[in-house]
Structures are given as structure tokens and as C-alpha cells.
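Structures are listed in the sections that come next.
Shared chain: chain A. Partners: chain B in the first complex, chain C in the second.
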Partner chain A sequence: MGLIDDANREAVERLDLSNPALTDVVFAKDVVPGIDKYTVSHAGPPITWNAMSGPMRSAVMGALIYEGLAETREEAAQLAASGKIKFRPNHDCGCVGPMAGVTTYSMPLCEVTNLTYGNKCYIAFNESDIRALCFGSADPVVIPRLHWFEEVLGPAVKDALAVNGPINLKAIVTKALTQGEELHNRIAAGSALFYKAISPALVKVVDSRTELQEIVDFLAPSDYVFLNLGMAYGKASADAIKNIPYCTVVSTMSRNGTNFGIKVSALGERWFEAPCPKVKGIYYPPYTEADANPDMGDSCITETVGLGGCAMGANPAMVHVFGAESTDEAAKITREMLEITCGVSKDKVIPNMNNQGIPLGIDIRKVVETEICPLINTGIAHKDPSHGQIGAGVSRAPLACFQQALEAFVESLG
Partner chain B sequence: MGLIDDANREAVERLDLSNPALTDVVFAKDVVPGIDKYTVSHAGPPITWNAMSGPMRSAVMGALIYEGLAETREEAAQLAASGKIKFRPNHDCGCVGPMAGVTTYSMPLCEVTNLTYGNKCYIAFNESDIRALCFGSADPVVIPRLHWFEEVLGPAVKDALAVNGPINLKAIVTKALTQGEELHNRIAAGSALFYKAISPALVKVVDSRTELQEIVDFLAPSDYVFLNLGMAYGKASADAIKNIPYCTVVSTMSRNGTNFGIKVSALGERWFEAPCPKVKGIYYPPYTEADANPDMGDSCITETVGLGGCAMGANPAMVHVFGAESTDEAAKITREMLEITCGVSKDKVIPNMNNQGIPLGIDIRKVVETEICPLINTGIAHKDPSHGQIGAGVSRAPLACFQQALEAFVESLG
Partner chain C sequence: MENKVNKLFSSQLAIANVGVDIFAKAFRAQDTPCVHVEWRPPAGGNKKMVDLLSKLKDL
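On to the complex of A and B.
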């Protein structure tokens, strides 16, 4: 097993040495390989229109309207079902996105560069609203906000980065972990740190006072704007462990709302899938568990790199979302995740766990052996189209994904 | 003892129900009773020029230069020693200030109103620099920054509050406690929350783009701007428990760099004093403990209302400043402070201590009986004039203050 252990150590080191920074804002059409107006990339493993859950379909409809390919949701649904739209996973084209995660041609995307290893990835701006395309909301605020991202926010952040230089996401993640955050369900401190970092440059570059006011009014109150940047931090870090021979560390976890998929370092781009789990959580009235879509989104790329559920110990304030009676449960979850990971971070630590490094490198062997599955923090979308976010909670990655991956790994050894 | 216990319960309730908000920015000359150009109010109990420590003297010299009463530090020292300057404690004229805490005629002050009880208090802006007047720094950046506060920052924040309405400091304190902060040694999240709250209104009201840029460049990177507002939160809360008959709860703790003084609710404005303790801490190279001034500043008004050392459990990331080997020491300190307090907060809680309410109402009887003295988080000034901040650490309020106060209380019962 020496080859595997060495490879996994290498993966842990690469995850820990990764240094993702927000380097630019670019348009999807300019950077996503093979994209055209009729391409919709989405969260999770590959899926057809027919197999999509309600909120995923709803988000696709909204995206097609945003792209000007349909005027009504009915038209959009017809187009989506017509076979003219090419659906593909974000993860297979350098992107990630929360919840439905739909990424299309005209969207401005944050470019995140892993300064240590040179790889780049892309993510749209967080909508900072339960009425969000990514949750499948059909609220009238959704599409105009996407156009405002394209016309105002995106170009402004691009110009701000040009005068400011890159914004170090690793530094923000590291500090937010000391500010009570695991960076998946709670990203208020991370969002504040990002706002503090970008706002002086925005004041410098945005000539229109009206636009500056709109931007500040959007970014300043947001407790979620860093969700997406944290995800891109995760993707940029996780992509640095792709294709390490003999490495049994998970390089991707993601769900499309129907199926949960993982990839494993040594096994490259192959998906291993199982049905999405249910989410245990709290619901915004009047919604209940009966309204909830199964787990959805690329956001568990944060767990893939030791944040979110893996770093739950950093966020004792939020254990109520999964019904824990004591905040000690938060640290217990991180200790549980340490049983299925290969190492810990040297610099990203959890102060209230005596500066425990976050768990790094989920090993499919350990998951299968212990049957401890990665715990994932997540938002909850309504199962029917058009509702938006209805709650937040936790789920467990399905064991079957890890079992299939381990079988395939064993086969690959020949 | 029923009368005392009832009075102390009343004090705890008032501390907890206090709702301080930043309501305005005003000039010291317009609000501080009896102030003139020749008045210098300072941190701690009353003190003469001759008895002042190096950094306190140094801050007074800077303030006299700022007020245009002297051109050089030598002239300022002569004026200070001449008997023409009236020195008096901030706490005796509605103010507080960190470290030397010098407050003078021309300074813009943040007005904080306790919305529950109607009382107001005042504090200057935090300088967010180790080269600060409050640390006695004679660096050339100090005086121009004070003029900029007077001419640019103060009027801008005043106008911003006018369009925005008051900023709720209790909400910021409550949230920062869940973001790893005890709000005395670590106030980065509090500072970020304040910046998020005020910046949209600043964009709205500051016409000059240059001034807006200066303001944002000052506030956005500051991890300390909320130190002063948190102190005013403390003062506004603590003033609401003044003069409750039979109440043995501490209403003020403060130090002038030479002596430590406390006041007790039932005993009104009487100071009980003992020499300032040394500070155990970490030092910025090349400084060492030998360079340190004794404990100084009004900032332990935060401990007086359950923050700072009382809420240390909320800030495990900073136990290294007092040499603790495990971050568990943070929660131990809060548990120790619970032994000398009369109650806990219902809404200001420490998540990683299973939502323990912060300790409220330091009881002089309990301090004397247990000999557990309030632990105070603090910055460290150089003992000689002109150096500025050289470190940060912790101290203990002197037992003698509490013993004297208890004797006086017993006497007052007749």
C-alpha cells in the first residue's frame, strides 16, 4: 500500500499548498471550452432534461430566458426538452455552481487561479437571495439581477481586480475559519472579508455614482457572496489533485438534485454515482421536509477540500440546523471526518478545537471501510419548480459512490 | 441580603436589556460638559500631570499640539505642567477612550445612545494604527490623522447616520461573539460588520470622490475600528446601572496607566483605586516586557459589561497572547468569570461554549470572597513617551480596588 499512501500524502500536500486567488472576471463565452448559446452547464454529474429535478429544470428555464432563447417559462421548457440544448456538468468544463449551478454563455464568471499550481476555474456571482436562479426561483427579480451582473457588477469587479491585483481567497478562508465559519452553510465573515478587500478598489474604478451605489448596496449586506468564491477556492484546490497515479483521494463531490457523483484522483474524470440523499434541516415557514428537493449543487466541493461539513467544528453556532442539542456536536463531526481523511491542514485551523487543522483528502478506502460518509452542509431547494430556497441543513454523501469508486480503483490496478 | 441580590438582578437585567446604537457624530466642544480648549480628559481615574505615565503624558502632548496650543512636544509638556490644563477622567464627563484615551475640545466623537434607557456617551474614532495618539505615539502620521477625523471622517459618518438611521451596536456585538471575538483584543469581525453597515450610506452622502476614497481606504482594512464603538457600547450599558441602591455590581473599571479605578453601582461616582497591574502578553519585536507600561485605558469598560476577558471563551484564537498551551483555556477563563458575576446574558452567547450567555454583573462581594479578579484583555503601550503600541496581552484588575469598595459599601449601609 506504500504507493497509495505516498500518492495520498501528495494529494494532501497539494490541497494544503494550493493558493487560490480571485484573478479576474471573464465571460463564460470567452473561457468555457465549446460553449455556445445553446449550452447549459449544471451542477453535479451528467443528467438529461427528463431526469432533472424540479428546481434544476426551473433554473434551466430561467437561464434560457436570460439568454434570450425563450420568452416564457413554457417556451423555455419546450426548448429544453427539444434536444437543441446541450447539457453538461460544470465540473467537466472548468466551472462550479451552487445548487442547480446553471452556467450559460452570457454570464460573467469569477476566474480563480491556483497560484501554486497554475490551474484556473470559474464560477458565477452569488445571487445573495433566496429568490435565486440557482434555487430555481421564478421570481421577477431573478433575471434582471443576472443582467445587472453582466452589465454592472461583473465589469466593475473586473476593473477593481485590475487596479487592486488578485484577492487571496486562501487568506480569507483561513481567517473565516477563525471567525466561526466552515464556509459552506455560514459564510458571513468570509463575505465581509471579501467586501473589505474589494470595496476600496471598486470606489476607485466605478465612475458612475449610481452604479457604485448599486454595487455597494448589493455586496455590503450580503452574508453569502463568498459562498461562490469559497467553492471556487475548493475547485481550484481540488483540481490540483487530479490524476495522481494510485491516489484514492476524492477530487470531486457534486450533486445534480437527482444523482450524487464523485470523482477520484487516480481515476481521472470518471463519475461514480448514486441517488441524491435527503437533507435534514430547518425550513423557512411555511415549508417542511415534504417540500424539499434532494441534495443538490456543486457546493460540496467545499467539503472535498476540508471545509463545510469537514470543518463543522469551526461553526458551532449552526449545529441547530441538524437538530443537535449541544454545540459540542460540531467538533464531533470534524473528528468523525478525520477518520476518513488522509491528513490535516498545517495552516487552516479551527481555534476552538485547539487549532486542529481541517481534515484534508477524503480517502474512498476509509469511507468504505468505516462506512462513515462525508457530511455535507447545504441549502435546500423546493422540489417543485419556481419556489427558490426553503431551508438549510445537512446530508451525507451516499456510500454507494465510494464503493463503486473503490471497485473501479481495484480493477484499475489490474 | 435580599435587597442586594434584588438590586444585582436588576443590574444584570439592565445590562442585558441595554440597546446601544451609534446615533450621531458630534464635536466634543458641543457635548462635553464644561469642556474648553484647556481641558484634557483621559482614561482611568483622576490623575495629575506629575503622576502620569510616559505614554499618557505623550498622548497629552500630542493632543495639545493637535489643539494648536503648542507647536512642539517640549512646549506642550511645559504647558501641561504649568497648571493651565484641566485634567479629568473621561468617565466623569460621559466619555471613554482606549489606552491614554485623551479627549479634547476639537475632536469629533461618536455619540452612542442606549435606546432602552435613553442615556448617551461619547468616544473618539479609533486610529487603527500602532502609531496612535492613544498609545502615546509621536509619529508624524498621528496629528494629521486627527485633523482628518475632524474635517473628513467625522462629518461623513454624521451625514451617513443621518440618512441611514442609527447603527445597532448590540446587534454587532451579538454577532461578533459568534464570530470568534470577545470584542476587546479581537474586534476584526465587529469592525467588518460596522463597515458593512455604514459604507452604503457613506457612498450616498460623501460628494467628494477623493474623500470617499480616503474614508473607504481607512475603514475597509481596519480590524480595530469597532474597538471604540464596542467600548461605547460598554459605557452606554454600564451607565444604565449607575446608582441602584444596594447594588454591589461594578459599574466602571478603568486605568490611567498609573492607577486602576473602579466604581460600584450603589456607590455612584466614587473611585476605588490601586496601582495598575502589569500586563502579560506578546510583544512586537524588538520590544519586551521590560519596555511595557502598566495596564492603561478605559477599554476595560468592555469587561465591565461581560465582553473582553469575561467573554474570552468566544475568542479561543487569541489565548496565545497570554501563553496558554491549549485553546481550552479561553472557555476556562469565561467559566472563572462566571464565579464573580451575578448572571448571564440571554441573547449574547458564546457558540463554542454551548451558547453560554456572557457573564454579566461583576459583584465586588464575589471578587473579594473568591479573590478571583476580572481578567482584562488589553493593548500594551511603551512605558516611555512617543513609542506607540508595542504588544497585546492580559492583566487582572487589582483585588485592592474591590476590597476598598466593599468596605465602603458596608460602611454606606451604616
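On to the complex of A and C.
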């Protein structure tokens, strides 16, 4: 085998051996390098205020109000446009976030540690509501819930982890795959498994009966609380394959609602970008495709590590979301993703595909050669500010990102 | 003289279609079994990409 194949095999092994665990809850101000009150991290590759889509702008406005830097959305928009706010990608400062993914100074973040390789990453709590900051919602429930995360949920989960010890996310991911989930579109079993793991310790550490009830009322019905933890599982795993010489495996896929960006292992932190694709999906009435923003969020870090669209075969119940008539289409998509990946997992398997290991290691060479682009499961935000989530569906990563990366990879060889 | 083409199409056909699937669909629409092989030219025929990929073949 050659240098590239050897490097890619190393990447697949690291992805598969990664063992991410939820180890702590910390504040962004204490762990995110260089962050201050005027820093807003966001999903996707770098972007300016002027280039941001409606929901991304709306989420930024909400975050500035949450941080106490503005009282109204108009004030927040003026501040964001003033040049005083530093915008930067989550992925470039150890974080990830769904949809707009805005991460700011005062937010409590889940700390996920890759126990195999030692690297850490961070993600805010999932809002478990279509009226969410991450979808750009301006609903009155959004900001108070962020303060509740900061004052109640975050400290409680932190104390619970101190009593319980780390919660193994790889174990939850592995088990949820056997329970009909691909962990991007459908995360109900993962969320239930997380609740099962954390709740006994929460009962031990939360003294206030009222607060404990609030926490249970938030976590227990949530089908999405594990979305963010699954993303952090992906980020912690994918960061372990960065900078492997000669490695053509994708280490990051992400979108900011305007542009889609990827990074490639051997090419370090360089982004390769193309316009975000449209999303094919189903819409909550009265919304339609005409209302949809292009694809958005860091959540396709799940596809980067073999979950989501790559593991679609685990979730045949989802095929209606992209208009397929047969549940066989789910396995067909996973088989398609196997054509653009370098290996399979030994322990994360899809039972209804005869325990097929999930595809690991998206290879830019294979994407360019086959023109099969990674399929991504995703939520859909309204294109205009303030609406929140309006549907869910699938998209394809743009081929142009992989073509640019291939060209840069060849150039890097001299 | 016997028309070999007519003879062929009046017999039971075993068909494998490679590439464009419209032909496979046409056979199936006529209740004629057909195995379809999905195939596209490498990199969709994009010469620049084919050249880049070829530079990596020996690495």
C-alpha cells in the first residue's frame, strides 16, 4: 500500500478507537481560547456579518441580548454590524454547535474528552425546541432558557458528573445505532440513554426540589438533547485525525448557512468552501421549501465520523423525510457512502444491514472520482430572521469543496 | 438469409445495462429482466480532476 492509503488507514483506526466521554460542564469564558464578551463563535467556515443568512444573523442578535450587550434586536443588529464583534468559526476554537451554533462568553458548555487521544471539545446544551436560538428564533422563551442553562442546568450536570464520573458517549452512540438511529436526524434513543445515565446523579446533587423538577421536565421529554452530545462525540473523534501527513480523509464538514466548508486531515486548518446546498425535506405547516434557508450548522460533524447520512441504514424510519418510497433506500444510502469512505467501524454497527460497520473516513479522492457527495441529515431554518425551525430533510455536501481540496492536496506535495 | 437480430430479440434475453439507467428502465417497463450496473466516467469526465487524481496513483 502507498503513503496515502497507509495514512487513511491510520485515520480510520483513530476514528474507530476514539472514545469520547462527557467529562464536565464549564463556562465558555474559562475554556475557549481568546474569547471575550464581544466574541461570537458560529457554525461553519468564517463569515462576516454582511454575508450571514437571516437565521444566522438572528441567532447572533439573540446571543448579544443574552450577553447583556444589547436590549433590543435592533440594538443587537447595530452592534453586530459595527465591527466591534469578533466572529469566528466554532471549529477553529475547539467548539461545535447545531444550526447557527452561536457560542458566547457566558454560556455553559459540555466538555467532551476523547479518552483515547486526550483531546477535548465543547458544545452548548441542546435547546430541545423549534423555538431555539440555534434556529434563529426570536421567541420570548429563548433567552430565559439560555439563562436557565447557565444558572440551573449547567451547574447541576457539572455536579452530577462529579458524583457519577464521565458519561461514555461512545457507548451511547453504539447502543443507539442498534435502536434504529443514525444520530443526526433521529436521536430519541440516544437522548433517552443519556437521561438514563445522568438522572440518578442529578437526583443526588440537586437540592432544590423545584430545580430538580425543572431539569426533569426539560431532559425527560427531549428527543434531541443528545444531538449536541453526539456532535461533540464527532468533534472529539474527528479532531484526533488532524494533520496526519498524506491523509486525504475529511476531518471537518460544516456550514454557516451561506457557505459549506470542509477541512482535510493532511491540510490542517485550511477551509475549502462552496455555497451551501438547498435542503430536500418535509416542512411544518404552513412553511414550504420557498421559506427554507440553505443548509446550516456544525452538525454534519456526525456525518464526518460515519453517523447521520453515512449511517442512514440504521434509520429506515427516516426515508419519508427525503421522499423515498421504500425503507430499502436507507441501506442503499449507507452502501453509497461506503463507496467514498476508507473503512468501516469494528464496533459501531447497523443491525438491519447484517451488522455492517458504519462507513468511516470520507476520502476526498473517492468523492471527486465518483462524484458521490456525502449525504447529510439536517434541520431546516427559515431563511428570514426570527422564525426558528420549519422542517427537516437531507442535503449533499457540495462537490466543489472536495475538488478544491484535492487540488490543494496535490499542490501540497510539491 | 436468417436475420440474426430478429432471432436474438425473439429469444429470452439476458441483459446487463451499464451507465445510463434509462435503458434499464425501458426494458423493465416491457417486463424484460435487466441487471443495471451504475457507472459514470471518473470525476464525471472532468479532465482537470482526472489529471489530479492520476498524480496520486503512485503515492
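For the reader, a short list of remarks on this structure follows.
As a working rule, the second predicted complex is superposed on the first by the 413 of 414 C-alpha atoms of A that agree within 3 Å, B and C clash if a C-alpha of one lies under 4 Å from a C-alpha of the other, contacts with A are read in each partner's own complex, and residues count from 1 in each chain.
The rule is short, and it goes like this: contacts are C-beta pairs under 8 Å (C-beta built on N, C-alpha and C of every residue); 3 or more make two chains touch, one makes a residue touch a chain.
These figures come from a predicted structure and were not determined experimentally.
Once chain A of one complex is fitted onto chain A of the other, the partner contacts of A:188 are limited to chain B, with no touch recorded for chain C.
Of the two partner chains placed around the shared chain by superposition, chain B is the only one that A:352 touches, whereas chain C remains out of contact.
In the superposed model, A:212 makes contact with chain B only, not with chain C. Legend: residue contacts after superposition of the two complexes on their common chain; A:220 is shown touching chain B, with no touch to chain C. By the touch criterion stated above, A:370 is placed in contact with chain C alone, chain B being left untouched. By the touch criterion defined above, A:204 reaches chain B but does not reach chain C.
Of the two partners chain B and chain C, more residues of chain A are touched by B. Contact residues of chain B toward chain A in the complex are 175, 178-181, 188-189, 192-193, 195-197, 199-200, 203-204, 209, 212-213, 216-217, 220-221, 315-317, 326-328, 330, 351-355. By the touch criterion given at the top, residues 2-4, 246, 248, 365, 368-371, 403, 406-407, 409-410, 413 of chain A touch chain C in their complex.
Those residues of chain C whose C-beta lies close enough to touch chain A in the complex are 40, 42-44, 46, 48-49, 52-53, 55-56, 58-59.
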